[in-house]
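For reference, the structures are reproduced in the following blocks.
Shared between the two complexes below is subunit A, which pairs with subunit B and subunit C, respectively.
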Partner chain A sequence: MKIKYIQHTKDVSQYSELSLLKRSDKTDVVFVGYGLFILSMVLISYLLGVLGWLPFTADDMDMDLMMALPGTGSHILGTDFLGRDMLTRLILGIQAYFLPGLLAIVVALGLGTFMGVLSGYRGGYAETVITYINNVTDSLPRLVLILLVVAAFKPDIYIIMFVVGLTNAPAVASLVKDKITFLKQKNFLEASVALGLSTRTIIFKHILWYNCRTLLIIQATLGMAEAILIETSLSYLGFGVQEPTPSWGNMIQAGANYMMRGDFWPSTAPALAILLTVLGFHLLGDGLNNILEGKRRK
Partner chain B sequence: MSTNPLIKIEDLHTFFYSKAKQAFIRAVDGISMEVPRGKTLGIVGESGSGKSITMMSVLGLISAGPGVIRGKVIYDNGRIKKNLLQGLDDFVDLQEHDGTIMQVDKDLYGWQQHSEQLMKNIRGNEISIIFQNPKAAFNPFTVIGEQIAEMVLLHTRINDPVAAKAKALYWLERVKMDAPEVRYYNYPGALSGGMAQRAMVAMALASEPALLIADEPTTGLDATIQAKVLQLLAEIKADLGITIMIISHDIGVISSLSDYVAVMYGGTVLEYGSAKDVLSTAYEKKHPYAKALLASIPGLENIEKNGARLKAIKGEVLDTIRVVEGCKFASRCDCMTDSVKHKCNTQQPPLEDIGGGHKIRCWLYQ
Partner chain C sequence: MKVSAIKPITFVLVKEIGMTVLLLFGVSIIAFLIILASPGDPFAQLYGGLSGSEAERKALYESLGIPTTWYGQYFSWLGNVLQGDLGNSIRSGRPVLAEVVSAGINTLYLTLGALIVTLAVAAPIAIYTAIRDNTRLTISFNLFAYMISAIPVFWLGYLGIYLSTHLFGFFPLGLGSSDSGNIAKFLLPIFILGMGSGLISEVVRHMREQVSRVMNEEYIRTARAKGAAVWKHAFKEGFLIPVTEIMAIKMPFIIGGAIIIEQVFNWPGMGRMAWQAAQDRDFPVILGITLAAAILVRLSSLLHKIVFVSVNPRASHL
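For the complex of A and B:
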């Protein structure tokens, strides 16, 4: 790699810091750019679904054009095994993830942050109890837990995502706690107390806002990706979003039955959508982590 | 204007419980000292003699479970007069037997709540502090200027963020930071040790306190920067009339700033008096520990006196877990004469005034 340094001859007071975008690695900028693109696609799809601006309706069956490939007739992304428009169903599929995914994120971040601050800042019994809770949830297979809940209630995506949020909370809690432990080693928390800041200011402003915000943003992006993957797994087992409501998971599952016949498209299209979206969220998290925390790629 | 001292510490005790050794550590064991308004008190002593714990007790920062504080810390700035340890005793049930602590029952939660209540308008507002490691004392993820401005908003009458920023810039300028407008937007990690210490001083002063406690303000700085920071503190003291408590193991640092000096050892004050009395090598009446400390400074004078070798104080710093019957310094003392030897080993000497406010805790001068 070629590195170019330029010696400026200005007085020190005339320097301004480079913007965040300029001083970050190009790779990270590309990652975040792609992630933001995916995020905006998800948002647009959700809004299109809500407003009903769709090329076809979800249950519109075109009996002459079943399992058509992309570009057949007016179906841009082809049709599935019942001749329903793929693009419409893919757009509507987002509905299954967007609000439930947000619920999972809110639960995971809210509960996780609360537990992390309690165990990291207060310590003592709270820390011991929360550590044990974390250990227990870590040792339970998550899918089994979700299936148990589904069996006990009903296969509702909101209930599932609530459980996903609950099981994610310990991971967030331990991240927040580690951060606080790290900050405690530097004595700035002690200094803040000595200089008269209130506990609320210290926790909300100095710990959560200044020191944990990137961590929480990253956890949120990963949480969305996780929500999509969990729903896919459950749909494959038949416990996810139920037909005829489209979700990417049950589209794959339904399409997979026809794969052996050589009609791969009905399950490949949602699979590709999942791949690109999950990848987008992961790269967004990764890139944001590097850019906001000022890390360098080797 | 009253002539009361700004802060007066009376018979301060701070104990910790060591679970591993099943014993109480008497980190601070009966300290009395006072800081007159506008003057500087230097506290000097080896590591582990209780200097920092004294400071933390004054600020109510002792929160470790079994930490116990007794005594009085009277803060009086003319407007506010209160004992910073008022009523803390009520939360602690202490059982003593022959000067040894047998058992302590403490209502930790109530104690902390009460301590917070007592300190509410004191910390930051009235008493500010400069820490040993200035870089670690800043929030690493935000720029220093904002942290200083936050102090201004919190502790002064200024409520407008723009005015607070201007004030923060003023303080950065005041502590002679080069290019304050640039440094305002620097993260703590981007500053050198000396600059970080200046920023720390600016942050401590931003709340316009009456008392500034400097805990080892020059540790980790090289000699020239050390001199500059000390000069800065001296200028601030002269300009603002602020009262300073400076804690250091370095007699050089103490002597350049202090009006009064307290020499601490093993959690007690062994010598207290004006800087002239305590630190001048010419003055004969002196505690053996202070004498030994002065003799161990590297310097031309001591080289002439002792030859090329530096004179170290033999032995180790007193283990404050052990309860000493006699003088705390007896085991390391060079000056013990036969006439007082028995007393030194069996009885703790009182802190006696030997004239002009110069107090020494030694049987030699009783």
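For the complex of A and C:
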């Protein structure tokens, strides 16, 4: 470590002995902090939903208390247009995103990494083919493609999220490829080949684990945000999770019918939940990107 | 004519147009295969419903003159498409091409208008935050861009309708309604699509990177040192190229947002048609829309390449 410090005077911060927290931008730390808070809230809500530790039953209608504002009676976040407890439905709404979103992320990262390594490390013929596939998926607006799949198969949310993952894979692939192209200029890859390390070790350990993991984590957080927004759009169009199973998308959609009467709360509450959650994932991704990948490092 | 007499830009353009055609070919294969893989056979009734055997199916297809292999069916479909015959809508019975074109023009108004709104909001933020580094205003601009992108666009649409009816006393309508004289009413959907749909934060981020990169270039320092207008020198690389690049990259996202916004405001465009077609499993229409959307995306990408090559002479060398 010390030797490097003396040899390279150009990019000092890379070898700075200050802790990561101290040398990174304060705004980024706040962003990441907020993102981690949202991430833990999402995890807690998911667990609460799975364990069934909820303040009310999701379908319990309170006919005397419809569209109640937050803090009315025992309903902490009020009720929706059928008098169902808002907090309970918001917590259960996470379930519509959590596993499907994870599926989209796993597909996107798995396939994307595979394609990225193939085109970046092997190059040549594979690179041309993958660039072509990348450009073809870029030419298809995602929502149009999903509507095409909906028209053909009438699929459930898991298959839709699988398609979302497939369409996200080329973007991940091009990021991984760029990273590998950048790494190839460095000496350590050449050295590890010369040392006789197996290709598998080089790819999995030295390229993916040591050098691509932050990039992949960042893509995963952004992918979750996207899965939430896509499910919301699909719920609005009527192809997402169906009532009475709550998802934030169909809650906004159903509540929006009452907005014209001035009853904002039933659709605003889930809209706020989406806003805060998506914001959290975006800020987490961008903050981590700035801190770990050093985009804004001075 | 000698080869050297042709301008290098022509070579690049021919290459790009060839690439566009090749990509559209790929899109058409994917779209066709998805539809082909869908369950059900339109001719099942004619050969004994679900109990019909594979041999019976083949015999029927041959007697009707339909290719039995998937590539045979693809090429016969592609041949029709290239002659401008996209089939008839199963719902309305009218030719798909005419319907998609008339709806596509309405969508074009919406998407291009929305792009202008997005750029009008995002470009000043991007340039300001690129030139000034971390001030309090920069952070709040950034946060605004993040937050507006995280709101579901249709909720923003409903909020817009509510505000316009209750505050300004008019109900925003889709294009082509009887009251089409008042253009102000059409601006709301365009404005909402431009603000929402997750574009602003990405445009701000992309442009900020480009602008701050250009501002650190040496020719900008030279321009500043000799007292020339910095803006004039930075315009091509710092503004024109990023803007067209954003148009090219973000076109698919804007079309996706347009599907939602057309639904909210009853805008008679491609998005509403796609939604209807997905409801009805109207395959010719949804295939037509997929192709039209891909063509829109590719054309905006082509435009970006043309601008890039014509303002950047280095790029025209093969």
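Everything that follows uses one rule, which is that the second predicted complex is superposed on the first by the 274 of 298 C-alpha atoms of A that agree within 3 Å, B and C clash if a C-alpha of one lies under 4 Å from a C-alpha of the other, contacts with A are read in each partner's own complex, and residues count from 1 in each chain.
Just so it is clear, a residue touches a chain if its C-beta (ideal position, glycine included) is under 8 Å from a C-beta of that chain, and two chains touch if they have at least 3 such contacts.
For clarity, every value in this text was computed on a predicted model and none was experimentally measured.
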item: First (subunit B), second (subunit C), both or neither touched by A:187; value: first
item: Contacts of A:233 with subunit B and subunit C, given as first, second, both or neither; value: second
item: Contacts of A:256 with subunit B and subunit C, given as first, second, both or neither; value: second
item: Partner chain in contact with A:145 - subunit B first, subunit C second, else both or neither; value: second
item: First, second, both or neither for A:25, with subunit B first and subunit C second; value: second
item: Partner chain in contact with A:206 - subunit B first, subunit C second, else both or neither; value: first
item: Partner chain(s) touched by A:197 [first = subunit B, second = subunit C, both, neither]; value: first
item: Which partner reaches more residues of subunit A (counting touched residues only), subunit B or subunit C; value: C
item: Footprint overlap on subunit A, comparing subunit B with subunit C; value: none
item: Residues of subunit A defined as touching subunit C within the complex; value: 25, 27, 132-133, 135-136, 138-145, 147-154, 225, 229, 232-233, 236-239, 249, 252-253, 256, 259-260, 262, 267-268, 271, 274-276, 278-279, 282-283, 286
item: Subunit A-touching residues of subunit B, taken from the complex the two chains share; value: 59, 61, 119, 122-125, 128-129, 131, 133, 135-142, 150-151, 154-155, 178-179, 181-182, 185, 203-204, 207
item: Complex contacts: residues of subunit A adjacent to subunit B; value: 11-13, 15, 17, 183, 185-188, 190-197, 201, 206, 210-211
item: List of subunit C residues in touch with subunit A within their complex; value: 19, 22-24, 26-27, 30-31, 34-35, 37-39, 134, 139, 146-147, 149-155, 158-159, 161-162, 165-166, 198, 201, 205, 251-253, 255-256, 259-260, 263, 274-275, 277-279, 281-283, 286-287, 289-290, 293-294, 297-298, 301
